[in-house]
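Here come two complexes built around chain A, the first alongside chain B, the second alongside chain C.
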Partner chain A sequence: MHEIVQAIILGILTGGVYALMASGQTLIFGIMKVVNLAQGAFVVLGAYLTYTLFVDTGIDPFLSILITTPLMFVVGVALQWALLRPLHSDDVAQLSLLVTFAIALGIEGVLSFTYSTSLVNIQPAYANFSWTVFGYQINMVRFFAFVLSLVVLGALYLILQKTKFGRAVRATVQNPMSAQLLGVDSQRVSAFGFGLGAATAAAAGSVFGMLNAFNPGSHYDLISRLLTVVVLGGLGSIGGSVVAALVMGVAASLVSALASPIWSDFSFFVVLLLVLLLRPQGLFGARTRGAL
Partner chain B sequence: MRALLARIGVVRAVIFFLILIIVPIVGGPVWLINTLIFTIMYAALASSWNLVGGYAGYPSLGHAAFFGLGAYAIAITFNKSVDGGYVPFIVLPIVGIGAALISLPIGWVAMRTRADVFAIVTITLLFIAQTLAFNLTGVTGGAQGTSVAVAPFAVDTYDWPFYYGMVVLLAVAMGISVYFRRSKIGLSLSTVRADEEKAHGVGVRVTAVKLIAFSVSAGLVAMVGGVWAYYVGFVYPQFAIDPLITIGMVLMAFLGGRGTLWGPVLGAFIMVPAQQYFAYTFGASELYLVAYAAVFLIIMLFLPRGILPSIADRLRKRRATANAREDIIPAVDVAATEGTGVAQ
Partner chain C sequence: MAANERTDGSNANPTTDSDELLVLSTVTAGYGAGLILKGVDLTVRKGEIVCLIGPNGAGKSTVLKTISGLLRPKSGSVSFRSEEIGGMSSRQRLGRGIVHVPQDRSLFPGMSVWENVVMGAFILSDQALIKSRLEQVAETFPIVANRRAAMAGSLSGGEQKQVELARSLMLDPALILLDEPSIGLDPKSRTAVFASISALADSGRSVLLVEQNARSGLAVAHRAAVLEAGLVALTGSGESLLNDPEVARLYLGASAKAPVLEKLADTA
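Right, the complex of A and B next:
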C-alpha cells in the first residue's frame, strides 16, 4: 500500500511536468492543426540551455527559466516564420508534420555536435534533498518542478483567457476561417502560438534536465510520451492534455513500481492504442478539424 | 500512344536493371558495390513505402518497425548456421508474408485514423518495436544485439548474393507498383488519396485497398530488412529499428516524387551516395543528421512534390504553351475558311 501511494505521489509530480510539455504541443495543434514532432526536441534543447547556463555561469536551473523561455519563444517564432509559414501545397498538414520532424532531427544533430551524445544531468546542490511527509518521500526538485509547471500553466491560461492575443488564439482554434474574417491575423497567431509552445517546452526542459539524465536522442522518448498524452486528452484541448498528463504520469509510475521500469514506457503505448480503438477523439473529445 | 509510352517504360526498366546486373560482373572497387547495395536497398525501401505513403497518401512513419521485424526474423532463425548460404534468401518470402500478416491488424487500427493521427500511430509503432527489441532480451538479445552466422561465400564475390538479393527486391517492389498503377487497386488508392469519404460514398472498398497497400508495403520492407541483417551480420535494436531508416524512406520518396514509379528510386540514387560521401568526408555522424534535416527542409520548402512531378509539370506546361501557339494558327484558318464559307 505504501508503495502504491508513493508511486501515485511520484506520478502526479512527474505528470505535472508532462502536462507542461503537452500543453504547448496541443496548443500548437489547436492553432495550426500541426502535430509538432519537434516538441520533444524543444524540451531537450531547453534542458541543454539550462545545463549550459548552470555549468558555465552557475545560474540556478529554476531561475534560468526566465532566460530560456523568452529565448525559446523567439526560436519558435523564427522557426514557424522561416519553415512552416512558407509551405504552400495541397497537403500542408502532411508537409508541416514532416517539417517538424526535420526540425527535431536538426536540433538533435546540432546538440550532438555541440555536447556529444553522452548523458548529462543538471545537478544543483539541492538535487537529492527530499522531505518526508507521513512517511512518504517527496523529492524537493520534483515538488518545485510540479509547482513551476502549475505556475506556467496558470500563466498560459491567463494569457489565453485575458489577453487580446489569447482571444485571437481561441477564435482561431474554434474556427480559423471566421477568426480570419473577423480580422484575426492568423499568420501572427500561428507564429506566436508556435513560439508559446516552444516556450512551455523550454520551461519544462529546465526541470526535465534536473529530474532525468538526458542526451540529444532523448527527444524520441519524450515525443512518444507526449503524443500519447495529447491524443488521450483530445488533440487541441489544453485542459484535456493536463488531465491526461496526470493520468499517464500516475499510470506509468504505478507500472514502474509494481512491474518494472522497463515496461512503464509501454503503458503509454498501450493506452494510446486503446484510446484510438475505443475513443479516437480522446478523453475530452476536442472538436478540432482535420484531426480525425 | 499509350502502348508507345508503356514500351518506353519497359525499355527504360530493362536498361536500368541490366546496368544494375552488369556492374558487379564488370567489376569495380569494393566501396562501389557496397554503396550500391545500400543505394538499391533504400530504393527498394522507398519504393515499398511509396505504395502506402505515395499511392494511398498515408505517410507512414513507422515502417522501420517492419524493417526491424524482418531483420530480427532472419537474424534469429540463422543465428547458428546458414547452411549453404542461400537458405536465408529462400526463406525470405516467408518472412515477407509473415510480416504482411502481422501488419494487417496494425494497419487496421492505424488506418482508422487520418493524416496527423495516422502519423502519430505509426511513429508510436516504431517506438513500440524498438522498446520490444530492447526488452525482450530472451528473443532479441536486447541491447547486446544478435548476429547472423557468416555466409560461406567466396571472398571475391562475397557481396554478390546480397547485391542481387536487393536488386530482385527492388524489381519486385517496382513491379508491384506498376501492377498497382494499372489495376483497380491503384485507381481505388488514388481515390482514397484524393477524397476518402467520397471514394467510400461511391462504393470504393476503401478499407480493403488501404490494407492491401499497407501489408504489401510492410512485407516488402521486412524482406529488405532480412537481406540487410544477413549482409551486415549483426542486428542491434537502435540500428535495425532506427527512426533514420523511416526518415530515409520518406525523404527519398519525397525527393524523387511520391506517387511516381521512378521517384523513390531516383531519390535513393541521389541521397545514399551523397550520404556516404558526407559520412566519408566529415566522419562525424552528428553533422550528417544536420545535413539530413537540411536536405529534408529544402525539399519540403522548395520542391514539395518531388523532382519527377515538378519536371513533368514543367514539360507539360511547355508543351501546353507550344500547343497553344500552334492552335492559334489553325484557329485563324478555320475562322477564315468559315468566313469565306458564309460569304459564299
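Right, the complex of A and C next:
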C-alpha cells in the first residue's frame, strides 16, 4: 500500500509537468488546428537554454524561466509568422505537420551542433533533497516543478479568461468566422497563441532538464507522450489535457512501481488505445471543446 | 443584357440620392476562379430595410460577405458613405459602422451571454463607452441582463438570435447585414426577430436582410431585390414585390433555377 501511495504522489507531481507541456500543445491546436510536432523540441530547447544559464552564469533553473519564457514566446511568434502564416488555410492541417516537424528537426540540428548529442542534466545543489511527509518521500525539485506548473497554468488561465487577448483566443477557438467578423485579427491571435505555446514549453523545459537527463533527440520521446496527453484530454481542451496529464503520470508511475519501469512508457499508449476505443473524442473532447 | 436593364426601373439608377449609405456597382466576387456574383448593383439608403431574396445558390450570402469584408470583390465598386471600401479588411469596415451577423449560429458557445455581447465591442478600447453601450443594449434586449451568466451554447435558437442582434448593436452600427435571421426558429421567435429588425430601422439604422422566408422578409422590408444566378433580376418596394403574384408564386416555392431571369429572357 505504501508503495502504491508513493507511486501516486510521484505520478501526480510528474503529471503536473506534462500538463504544462501539453497545455501549450492543445492551445495551439485549439486556435490554429495545427498539431505542433515541434512542441517537444521547444521543451528541449527550453531545457538547453536553462542549462546554459545555469552552467555559465549560475542562474537558478527555476529563476531562469523569467528569461527563457519571454525569449521562447518571441521565438514562437517569429516561427509562426515566418513558417506557418504563409500556409494556405485549406491545406494547413496537413502542411503544418510537415512544417512543425521541420522546425523540430531544425531545433534538434542546431542543438546537436551547439551542445553535441551527449546526455546532460541540470543539477542544482538541492537536486537530491527530499522531504519525508507521513513516511512518504517528496523530492524537492519535483514538488517545486509541480508548483511551478500550477502557477504557469494559473497564469495561462487568467490570460485566457480575463484579458482581451484571451477573449480573442477563446472566440477564435469557438467560432473563427464570428471572431473575424467582430474584428479579431486571426493571424495575430495565431502568432501570439503559438508564442504562448512555446513559452509554456520553455517553462516546462526548465524543470524537465532538472528531472531528466536529456540530449537534442529527447524531443521524439516527449512529443509522443504529449500527443498522447492532448488526444486523451480531447484536442483543444486545456482542462482536458491537465486531467489527462495527471492520469497518464499516475498510470505510468503505478506501472513502473508495480510492474517494471520498462513497461512505464508503454502504459501511456495502452491507456490511449483504450480511451480511443471507448471514447474516440478523448476524455473531454465533446464536452469542453469550444469551452477553452 | 446587363443586370440593371432587367430591373423594374424603380431603383435602376439611384447614384444621385444623397441618402445613399451603401452602393454596390457591378460587383463580381467568388471563390477561386469561379464567380458567384456576376455584376451586382444594389443600394441601401439610411434608415432603410432592404431584403434580398432569391433561390439557393443565387449569391445572397456572398453579397453580404463582400460587403463585410469576408470576401473581396474581384471587380466593381463597394462604396459606403461615398468611400470605396472594397479593399478594406473586416475590421476596417466594422470601424466604419458595418456589422455582419452570419447565417449559422454565430455566438461563442462556451462564453457567457455577457461576454458574447462584450465581444461585439472588440475593436473599441474606451471602457466607459463599452459600459454605456452595454447598458443601452441590455435595455433593448432584456435577455442580455436576465441571462447574462448563462453559457450562450445553452440558449434556445430564438434566444441566441436575440443575443446576436444585441451584440451587433455594440458598435452602434449604421448598417447591419443579417443573413437568414429567421432560419431554424419557431414561429414565436421568428415574429420577435422581425419585430427587432423593424425596431433597428426605426432607430435610424439600415438593414440589409437576406431571407429565404421571402414573405416575412418582404413584409418587413422597405425595398427588396431578387437575386438570381449572381445578378439582381428585380428590385422594388417590399410591398410591391410581396403583392406581385409572379414573385410570390416563384419564391414561395423557389427552385435552384433562375425563374425571373428566364421569364425576362423569354419576353425580351
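Here is the rule we use: the second predicted complex is superposed on the first by the 283 of 292 C-alpha atoms of A that agree within 3 Å, B and C clash if a C-alpha of one lies under 4 Å from a C-alpha of the other, contacts with A are read in each partner's own complex, and residues count from 1 in each chain.
What we mean here is this: contacts are C-beta pairs under 8 Å (C-beta built on N, C-alpha and C of every residue); 3 or more make two chains touch, one makes a residue touch a chain.
As the structure is a prediction and not an experimental result, all values here were calculated from the model.
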In the superposed arrangement, which partner chain does A:V231 touch: chain B (first), chain C (second), both, or neither? first
Touching partner for A:G183 - first (chain B), second (chain C), both, neither: second
Contact-wise, after the overlay, does A:G109 reach chain B, chain C, both or neither (first, second, both, neither)? first
Once chain A of both complexes is superposed, is A:L276 in touch with chain B (first), chain C (second), both, or neither? first
In the overlay, answer first, second, both or neither for which of chain B and chain C A:A201 touches. neither
Check whether A:V99 is in contact with chain B, with chain C, with both or with neither, and answer first, second, both or neither. first
Which partner, chain B or chain C, touches more chain A residues: B
Touch test for A:A171: chain B only (first), chain C only (second), both, or neither? second
Both chain B and chain C touch chain A; at which residues? 290-292
Given the complex, residues on chain A that touch chain B span 29, 33-35, 37, 83, 86-89, 91, 93-95, 97-99, 101-103, 105-106, 108-110, 112-113, 117, 220-221, 223-224, 227-228, 231, 235, 262-263, 265-266, 269, 272-273, 276-277, 280, 290-292
Give the list of chain A residues in touch with chain C in this complex. 164, 167-168, 170-171, 174-175, 177-185, 288, 290-292
Per the touch rule above, chain C residues touching chain A in the complex are 68, 70, 90-91, 94-95, 99-100, 102, 106-111, 115, 118-120, 122-123, 151, 153, 167
Within the complex, chain A is touched by chain B residues 57, 59, 61, 109, 112-117, 119-121, 123-124, 127-128, 131, 135, 243, 247, 250, 254, 284-294, 296-297, 300-301, 304-305
